[in-house]
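Each of the next two complexes has chain A plus one more chain, namely chain B in the first and chain C in the second.
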Partner chain A sequence: MKIFYLEILVLALAFLIFVVDLVFKKQRANLIPWVVSVGLFFILGLSFIYKPQGSFFSGAAVSDSLALFFKKLFLMAGFISSLGVFSFAPERFSKRQMEYFFLLLVSLSGMMLVSGAKELIFLFVSFEIMSFPLYVLAGFLKKEAFSVEAALKFFLLGTVSSALILYGFSFVYGMTGSTYLDKINTAAGNLSGLFYLGISLILAGFCFKIAAVPFHMWVPDTYQGAPTPFVAFLSVAPKAAGFVVLLRLFWEGFLPAQNFWRPQMILLSALSMIVGNLLALPQKNIKRLLAYSGIAHIGYALLGLLVVTHYGISMLLFYLAIYLFANMGAFLIVELVYRTQKSDELEAYAGLAQRSPLVALCLLLFLLSLGGIPFLAGFWAKLYIFLAAAQQKLWGLVFLGAVLSVVALFYYLKIARVMYIQAPLTAERLVNNKAILISIILTVIPLLIFGLYPKPLVELVNQIARQFLP
Partner chain B sequence: MNSNSILVFLVLLAPFWSTLVLTVVYPLRRSGKPAGIFSILCILGSLVFSLILLFSKNFDFSFNFSWLPSLSGPMAQVGFWYDKISGMMIIVVSLVALMVQIYSLGYLSSETKPSLGRYFLYQSLFAFSMLGLVLANNFLELFIFWELVGLCSYLLIGFWYHKPEAAKAAVKAFWVTRFGDIGLIIAIILLWNKTGTFDYQTIFSLVESGALEQSFLILISILIFLGAMGKSAQFPLHIWLPDAMEGPTPVSALIHAATMVAAGVYLVIRLFPFFQASPFTLNLIAYIGSFTALLGAVLASKQDDIKRVLAYSTVSQLGFMMAALGVGAWVASYFHLFTHAYFKALLFLAAGSVIHAVGSNSLSAMGKLAQKMKWTSMGFLFGALALSGVWPFSGFFSKDEILLGVITSGKIIPSIFLLLTTFLSGFYIFRVIFLAFFSTAKSQIHPHESPKVMLFPILILAALALSSGLIQQNFLNFLEETPTWHSFSALKVIVPAISLGLGILGIFLAWLFFQKQKKVPQVLALSLRPISKAIDNKFYLDNFYEFMYAQGMLLLSFLIGWIDRYLVDGMVNLAAWSTGRLGVLLRVFQTGKAQDYLIGIGLGVLILIIWIL
Partner chain C sequence: MKGSLVLFLILGLGIIASGLGVALLRNLFHSVLALALVLILTSALYLTLQAEFVAMVQILLYTGGVVTLVVFAIMLTQKLAGSKLTQMSRSVFKGFVISAAMASLIIYLILKYQKPTTPQAFPQELTYSLAQLLLNEFVFPFEILTLALLAALIGALVLAREEN
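Let's look at the complex of A and B:
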């Protein structure tokens, strides 16, 4: 059981706030975010100290360095987004804070479980433990029509994709006679037909979860309707979970069939880059813009997945880690601006540099990192993933990605222009929310440090990749 | 990593820490004086660490950290090379920076608190970048720090950015030095392209083994020297330095006299094994250096602005150092760099003290200051004696080393230029002394001695100007280099005697003309008039550049502008417009209806499944 100690602690925290909510009726609005943040911080700290290795359920779940890496990412995302909920507008939120955090923590535990899953049923169950709370959380602002609509779309399409996945699993099981990835791997070499159908369905299902084109359409609507601190979480953590599942399935299970699924992924990657970047261009709402830019980033990350080398994996991990910080940071600032101006439209950012120079600078850094400007961490993420692809002679994709990076800069810098050049509509300063500011600073620092000196993180992910595929 | 490498780190870290804190902790920066004290303590730390390093007598070690990892090993490294050359230089830099920063507390006391804090932020950044430049062990790192000191120079020249002349001078300095930097970066790229490394020592060993052909070496060394010319204000790129005097005087003392402008000389010294391999370039350096020395001295003789006299004098002295490098006498050049840093900083600080008291840069507004400002006058006098090479002041020793080196090399024209410069140095600096400190007093000014915080650095530097030459033998022994010219024993006596004589002749003439106010004979005055007029116009160089810039560059930029506006922009706009249209078209699919999204998923699945068939 000890390999699950992190998940158990997260669940224990979920039940703890249950109790806190019942006992401290008066102070609960202030207390619960504190308990969750401190608790997650503590668990995150533990994950760096105690790293049990091993397997459980006769190999259905493992705890290897890859799983631990993703668990740390999820905990960081959870911690940062819980800071973003502090003193959330009471009329929208405060009485049901316990529900919010409970769901968030359960989802978190599901993600952490899935990062070690090596058996189809265990994998599916933990993935659904992660997904269900997300559907509820997307519609958390239940009095706002937009939010309900967003949640409903997310839920409907999500269940369809889950059905696709299960359907695919059933074919794979039928053809190989096992639900364990290792055994699937040994049997996969001389299969075709229905096995490939199964793989295709699974790929389609998980591409919905990571929001690759053409399975991306829920993303902008859901992001726009859901509470922003939650979107900060939704836009990175479940995506990372989707990638760890894809890594496990396609690298540990279906690797012998790589000549089949690689072209599929190339197509999905190219489509995601093209559609994400192009559709981000005309957006006026910053949440939708970031949603489309996120889709484009998924395309870049898929590049790392489909390059069947160590470098591909390690650069994918690097990319996901950097993307997590930059994207969460950007959404947290969106939240901060929303609290002041009750708007997510681009005009709300006019003259932000004059009103709150520090926040504007941070947002600029996030955008530049997402756009891949040196010397911010996002630059290395993009460069490394292109290098990994170039090594495999995927020149077309590299060229496409590079050209579209320029397009991406256009819309990122559009926001920067609004912030720095346009005159402010109001002279009002942003709400001074210390918790959000701290979480913003926490996300900026890694971007700057790894931007100047990416070596430690690169070495870490290289090591993980080597252990993952000896 | 041993304890010495950690010390090297600490030398750099102290001013970096100060920069970081002053940037981030803005209440401290905006508090003015405390920010200054913080910055001073940090640079004091650098000085202490560099002294400990020197006395621990562990020289010549280098260490690297890989930076910018790529798929096949690191693309570049960050590293430091501590040896006797960089070890001496970091002491000079941190010592002068410390003195200047202390002095600035007094000199800039009338600034507002935020702008004083900003000043010390720039000072810290400069100290960090300059120390980094000195300690760098590869070309890429060198270039980064090289540009950083350029940036600091720009920021500090334009410190009073509300003054149009200061803003203009800052841009000019940036522009001219950048011109040289283009050469440097091209050289670095070519070298990397050829050798695949940025590392100094690897490149030195390649040069030594003869792996690089002569023509390539000549090309690269000339390009590198171009960078050094820009930074060290060598003819014809010297025009920015006099204008840079628009910055606060302590800045001129630190950046435009003692350290940054010496970076070009230091670069050539640092890369001397490289330059040695191409005699052609060395020859070029000798001629450019000696000509610059003479040019600077001539121009210095007729300036009215006390800081401009010193600026041209700096140009001239840097030319001196370059000339020495050109004949291979790098130890002599380095020694002169070492002594010049002290006495020129001293001259600037004393001049600053005078300006602080008089409220004007103009020599015609000064007079008889020696009575009112004893300590300042003494400091300036010490600096002037060192500059004109009077025994036992430091300039005497270092200048003679250079003259010996150049004369024994047998290059006649540089020797003559440098001897003339020696004569003129005594003349122009004592012209300042007599006009400002001794001749008739001007009634409208009421000078007063400067506060202690300004006098203290002046006195320390005065002591150094007096004593730093006396360690000549130790300095040469320390660098383990017995110059070849030391074997000519006869010259060893004659050359110092001649140079001392020339220096004293210059002083005497200055005394005659400016103290006794003797008129120049009519005939001589008439024949000198064209030269005098040319000097007033800085030999028309600025006009020439302005013409080139105004006519040539503007025409070129008009052409390029046209191409850019109509051809390039047209294509870019077309691409942007069509991309934008594509985005709008794609939006049609985003209907907002869940049913349509489901159709999307279905299509996606179909596409993936079609693969099987």
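Let's look at the complex of A and C:
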């Protein structure tokens, strides 16, 4: 059981806040966010110290360096987003705080479980443990019509895609006779027909979850309607969970069939880059703009997945880590601006540099990192992904990605222009919220450090990738 | 051999017909009844494949539980909304094209790659082997399902509870 100690601690924290909510009825206004943040910080610290390796239930679940890497990412996302809701929760739904954090922690434990899953049934169950709470959290502001719409769209498409995945699993199991990925791998070499149909269905289902084009329809509406501190979490952590599942399935299970699934992934990656970047251009609402830019980033990350070398995997891991920090940070600032001006439209950001220079600078850094400007971590992430693709002679995709990165800069800098050049509509400063500011600074620091000195992270991800391919 | 084929054809056509009923009937209540028929016929299909336990569970959970819940949901919503709910199937043509394409793909793949096999008898009673698997090899996913259920329960409470 010891390979699951992190998940067990997260669940223990979830049940602890149940008790805290019952015992401290009066003081609970700020108590629960405190307990969750401190608890997650402690668990995150532990994950760096104690790293058990091994497998469980005849290889159904493993704790390898890949799983541990993703567990750390999820814990970081959980910690940062719990800081982000610090005063949001007591203000907007003071009586339902316990439920909010409970669901968040259960979802977190599901993600951590799925990162070590190497057996289809276990993988599916833990993926659903992650998904159920997310549907509810998206609709947590249930009095607002937008939030309800967001949750409903997310729920309907989420369940349909789960059904697709199960349908695909049933074909794969039927053709290989096993639900264990390593056994599927040995059987996959001389199969075709229905096995391939299963792979395609699974790929389509998980592309709904990670929001790759053409399975992206729910993303802009859901991001726009759901509570922003939650969107900061939703836009990165479940996406990373989707990618770890794709890595396990397609690299450890279906690798012998790579000639079949690689062209499909190339198509998905190209479509995501094109549609995401082009549809982000005309957006006036910053949450929708970030949603479309997120779709484009999924396209870039898929590029790392389909490069069938260990270099591709390591660059995918690097990309996901950097994307996590930049995207979460940007959404947290959106929340900060919304609290002051009750608006997510671009006009609300007019003259932000004069009103709150530090916050404006942070948002600029996030946007430049997402856009891939040199000496921020996002630059290395994009460069490495392109290098990995170029090694495999995928020149078309590299060219497409590079051209679209320039297009992306246009809409990222559009926000920067509004912040720095336009005159402010009000002289009002942004609300001073310490918890959100701390979480924003926590996301800026890695971008700056890994932008100037990416070597430690690169070495770490290379080491992890070598366990797949020498 | 012939008899089981005839039985399979009857059940299969019945499932397809009532499945179309679920999607196309205007009256929402009728389409739920068609859904119940789909589920019952599927469980009959399980019986022909010697999966008695799965067939029983299918009847108990889906026909007994889920369909009843859906009927209740329709009744209560109609009472609250004060109007009769009708089903709108706007994209019938698009849906037909997509499902026809998917069905012909699956049929083509089966005909091309799958040789027909005679069903094998199970080594021991199916329910027994199922229990063995569920409580040995798959006990961990089975146990952590409780987490998903707990999350769904609390989530449903959060969304449904009235607040003042």
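Quick note on the criterion: the second predicted complex is superposed on the first by the 464 of 470 C-alpha atoms of A that agree within 3 Å, B and C clash if a C-alpha of one lies under 4 Å from a C-alpha of the other, contacts with A are read in each partner's own complex, and residues count from 1 in each chain.
The rule is short, and it goes like this: a contact is a pair of C-beta atoms (placed from the backbone, for glycine too) under 8 Å apart; a residue touches a chain by one contact, two chains touch by 3 or more.
Here the structure is a predicted model, which means the values were calculated and not measured.
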| item | value |
| --- | --- |
| Chain A as common anchor, with chain B and chain C clashing or fitting | fit |
| Chain B or chain C, by number of chain A residues touched | B |
| Contacts of A:L197 with chain B and chain C, given as first, second, both or neither | both |
| Chain A-centred angle between chain C and chain B, computed on Cα centres after superposition, in steps of 10 ° | 170 |
| Which of chain B and chain C A:P357 touches, first, second, both or neither | neither |
| First (chain B), second (chain C), both or neither touched by A:K153 | first |
| Touching partner for A:A60 - first (chain B), second (chain C), both, neither | second |
| Chain B versus chain C as contact partner of A:V136, first or second or both or neither | second |
| Touching partner for A:P282 - first (chain B), second (chain C), both, neither | first |
| Partner chain in contact with A:S109 - chain B first, chain C second, else both or neither | second |
| Minimum C-alpha spacing, chains overlaid - chain B and chain C, in Å | 7 |
| Chain A residues contacted in one complex by chain B, in the other by chain C | 192-193, 197 |
| Residue numbers on chain C that touch chain A, as the complex places them | 105-106, 109-110, 112-114, 137-141, 144-145, 147-148, 150-152, 154-159, 163 |
| Chain A partner contacts - residues on chain B that touch it in the complex | 65-71, 74, 576, 579-580, 582-584, 586-587, 589-590, 592, 594, 596-598, 600-601, 603-605, 607-609, 611-612 |
| Chain C contact footprint on chain A (complex, rising order) | 11, 56-58, 60-61, 95-96, 99, 102-103, 106-107, 109-110, 113, 119, 121-122, 125-126, 128-129, 132-133, 135-136, 139-140, 142, 192-194, 197 |
| Of chain A, residues touching chain B in the complex | 152-153, 156-157, 160-161, 164, 192-193, 196-197, 200-201, 203-204, 207-208, 214-215, 217-218, 220-221, 260, 263-264, 267, 275, 278-282, 311, 387-388, 391, 407, 410, 453-455, 458-459 |
